């Protein structure tokens, strides 16, 4: 295998090097890539979409159709992980364990047994339970709200600065993941249940596609946000800007939901127990 | 663009990439892969691709690494190569 | 004259196809057989209804779809096709009756399947007879190959499996490996596949290429059992006797020679063959097959195998008739399709009847059987006369024309072949009959009581034997059709 | 010599992407451990992203966020002043695709581990061959 | 008729997939009807597009209202409309046939299964209809990721096979992406027609050559063109049967279409045939693919696995036919995309039925099947005859054109390979039929086993009806070949082809 790998690598590498000789020099402003299609995006983005961040305007308007599928890819991955990993809940419950929060005493309840002590002082644990680190737990607890606010900001401010639905969505998702890593998966599931995350991702993509369909219904082409001028204030140019925002929100929701969903399935092998 | 910095990061990227493949511990590989992604993100930021860098920072260095760790955590760290 | 558009040819093909679902779903054997008879009778009537038009020298045509540019899925009824269809459809009725007797007599399994595929095979045969172009012919040819496979392997035992493999290997292998490329090559050369009276291949082709094409067709249609691709036919004799009778004396093998006739007359055209001396080459192959097959037949001990080798020889007569490139010989060859069919089917019916009545199939066991089954053996004698080519049977007529043809074409060696082969035929048939009637066999056959096969078996073979004699006196429809086709 | 050196320096980023891509490809083909292969796959994908981002670079240009102010009317924008945004957009998509592929690949790898209790390919194949 | 058809084609199943996914959590019973509605919708739209194309109405759609090359556009023409109909039809019919298996084998995961199913079809439809090189990549990944997951759902080796598929598929897709990048770096455009226009003066460039080569390798990897087929047999064999009967007929064919589209629209025939002169080499590769696929199929003891090797051989047919570079070969290749999708679909459905009843598809478990599963085996026979190339099934006609193309261009190696693989097909399938027909040897012999004596244990009606629809369509498509070629494919052939 190694020899085969080396041969293939050498062959492909040689082909690529051969091509690179004819490349325009690195960073050349006169290269065809910089002259043909992209200038229009830079020159007209403010005029046509009122979005200064050209990346956002290209992403969510000029090539919004691509982005819709990109979001769908993420959604696919979420569904795929669920399909492959989630263990159906019909298996009989394993012996349950409960840990007293204050003393750390752990009770093990056999099958069919019932737990009679006051549940509030106890928490259900698995055999792989490890004690939390107080510092990490506390810092994360304070950090997470700020992370989430930042995530929302990134989504909302994508028009003017780097960022947008993806980045914001990932950050929001990461905040939940952080919660799960610093505490455990059960805590995270209390904040955002399986069903919620699983519904967030189709809902997000649906917002995206729905915006497009709305344009279609209003008599324009699919994803032609001009159509939204009939519903939103500010004329066709601003309508594009608003359309981009709508779409970014959809992307954010989808990405956030899916990231959390994939993580939950991966981190617990589909069992939704303690996780990492 | 400071070319010394550029060169340094480019070299680091390659090293991290090779390291992630070479190291005989999957958790280590995951961490090195995170480092690789982060270097990549720096590189792109230097090259002016701020959005890409931002995404890579959150996706590549963040979530991907977590996914790796989650997967390795539930399988095994052992590897023969 | 303009061909007449008509749906009749299509109906004639479809009538047996349409009956398949009914056969498959019917639970009662009587209902199933009634349907078979109905379909067979209807098919014969449909063919008969087209006969007057064809005898007037007109053609019926039915175009279904143009599947490839210049190539349509088209049926056309001309004299040659009519001749063949008449033989096949009339014999289907008789064989159906015989099948009932045979299958019930032996209590065979899977009778529904048997009748279904029989009907399918007949559809394919009539379709091949009425094909207007090489593509349609190929379609029905392949359909026939696959429809007969379950019939050949009807017994579903190890021997049937071996024979089935051989059958498929020869028939399908040659048709895909040789006919298909040859057909596409012809299409490539001429842009059409429609049979015409002068052939559609361009006159200007290179002789080597045309020769190769001709031989690809000749050997590709392996159903004609031209040597060396003949080994499937004796192997296929494991099938129940009615199958051997109808398919391996009439439908399948005759489709093979019919295809070769079509190719010689409709694709190449006799002029083209004559101008490149290709006819002589084909004639040589045919002559070789005739002689060698007859010689092999002499050595056989199993009755059905003997008949199989006899068939191989007789088929090549038909090929020879066309290859001689003289009008008389062509007529002889075409009439031989009909005459040999009736004669040979009689022989097969007899073989089957003997098997049903006595479970014997080796010649050595048949000594003295004439006393026990006099009617059967009498019919056998008539069939044998026809195959040898002696009056007063139809077989004499076709051989007469063939002999005339050789004289017309000044092919003295071929005359010799025909005559010597007839002698050989006599040499393997007459001893059977002679020993059956005049020798004393073993104990089981010698108790002097007449014990014929069931009536369902006996009546068909009497009918075919009578027909064989009748055609000597009234060969009109066949002869007329052959003359029309030979024009 | 000068020429070659010039070629090397002028396209430095391109050489690096080829190197990384080959590292990734080699990892995918030659490594035995499934997770290692997945790491290789990701390196392979990021290498392509690096290539695309390198296409977009323009010397003397700034990030593709157009300078604007709310009160002044739009002044003409010079495309040469800003880095080409199109490759960035494409690569956002590619990054997302790669993380999606990663998720699915890891999920499948976990499934494989659950079935075979190992991530080494040769051991798995051995298990399959001799059940 | 409706100007939005090209968009609706993709949007209907896409939207439906979100609702299916949500329904999986809220009202699981709605999943299947929603999926059916989605597939029916896109089938209707694709038929509408076919009618449009026949009437000569160009199906052009600018997404977001942006004109090319700035925006993404969809284009429906004579080349892809048939492929669209086939994808939608196979997706629809297979969905019907999938239900019994899905409900029996993984009932609690029906929601995500149907979601991915619909998304897979969406991805394929989008790939075929798009006019943007990068958009194609994204859709390719959608089809790929859903495909990976669906395949990994199978039992036993499925997960490992799927992982191999992920690696190979990712390499393939990335090579394609790299090729697009190379084209972008020299042209600055992503729109296929725009690239083609800008490429004209650049034909000598190393970059374009390498872009071409690397793209072709990527696409070949994805379609399982020998010797890059290693992932294909395992992945398709171990997948659950409703998945293999969806993925196996469609994925490879769509990739063949993508190859044709890239060469025709982006690189132009001039470049591929006259500048690079690769055609002879590729046809010989195809010959090797056909021979190797057929021989490997002969060595298999499992029907489904055997079929996967047939798929490998059939890919050789199409690639070879296209690279012959003449009208007949081109017609054969495009016709074979349609026909082969139908025939492999029919065969995989039949094998799916067998697996549903018998649990596996090994040769020895087929014994006596003609008696116990007559309908399934009947359809299998029709499919097999089509693969062998017996008229009037459609397989004959595409083979006809391919053979004609081989003769016209004088490529006798390809001719021999095609004929040889037909003969191998006869051997392959009659081996199956023999086992189904003869075995257990002699047990059926004798008067006791009359009609209806053997217990018929067929697949449920919901699986038989789709199977027979497909089997009959093989014959129907065969008889309408003249129409299909004359009214659609003929117009897709570029003028310069001889």
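A, B, C, D and E label the chains in the order they appear, each numbered from 1.
Everything below uses one rule, namely that contacts are C-beta pairs under 8 Å (C-beta built on N, C-alpha and C of every residue); 3 or more make two chains touch, one makes a residue touch a chain.
Every value quoted in this text rests on a predicted model; they were computed, and no experiment measured them.
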Neighbouring chains shared between chain A and chain D, ordered by label: B, E
Far-end chain from chain C, centres as C-alpha averages: B
Inter-centroid spacing, chain D versus chain C (mean Cα positions, whole Å): 71
Distance from the mean Cα position of chain C to that of chain A, given in whole angstrom: 74
Inter-chain centre distance, chain A versus chain B - centres from mean C-alpha coordinates, in Å: 19
Approximate Å spacing (C-alpha centroids) for the pair chain B, chain E: 38
Sequence positions of chain E contacting 2 or more other chains: 134, 138, 141, 145, 148-149, 152, 184-185, 190
Of all residues in chain D, the ones touching two or more other chains: 12-13, 25-26, 32, 54-57, 61, 63-65, 86-88, 90, 92-93, 96-97, 99-101, 103-104, 106-111
Junction residues of chain A - those touching two or more other chains: 12, 16, 21, 23, 31, 33-34, 37-38, 41, 53, 55, 59, 63, 66, 70, 73, 76-77, 80-81, 84, 162, 166, 262, 266, 269
Interchain contacts (touch definition) - all pairs: A-B, A-D, A-E, B-D, C-E, D-E
Chain C - residues contacting chain E, complex: 27, 64-69, 72-73, 107-112, 135, 138-139, 142-143, 146, 150, 153, 155-158, 160-161, 164-165, 168, 172-173, 176-177, 180-181, 184-185, 187-188
Chain E contact footprint on chain D (complex, rising order): 25, 28, 34, 37, 41, 44-45, 48, 51-52, 55, 86-87, 90, 93-94, 97, 100-101, 104-105, 107-109, 111-112, 115-116, 121, 124, 128
Contact set on chain A toward chain D in their complex: 1-2, 4-6, 8-9, 12-13, 16-17, 20-21, 23, 25-29, 31, 33-34, 37-39, 41-43, 45-47, 52-55, 58-59, 63, 66-67, 70-71, 73-74, 76-78, 80-81, 84-85, 160-162, 166, 255, 262, 265-266, 269
Chain D residues within the chain A interface of the complex: 7, 10-15, 18, 21-22, 25-26, 29-30, 32, 54-61, 63-68, 74, 76-80, 82, 84-90, 92-93, 96-97, 99-101, 103-104, 106-108, 110-111, 114
Residues of chain B that touch chain D when the two form their complex: 7, 10, 13-14, 17-18, 20-21, 26, 29-30, 33, 36-37, 40, 43-44, 47-52, 55-56, 59-60, 63-64, 67-68, 70-72, 74-76, 78-81
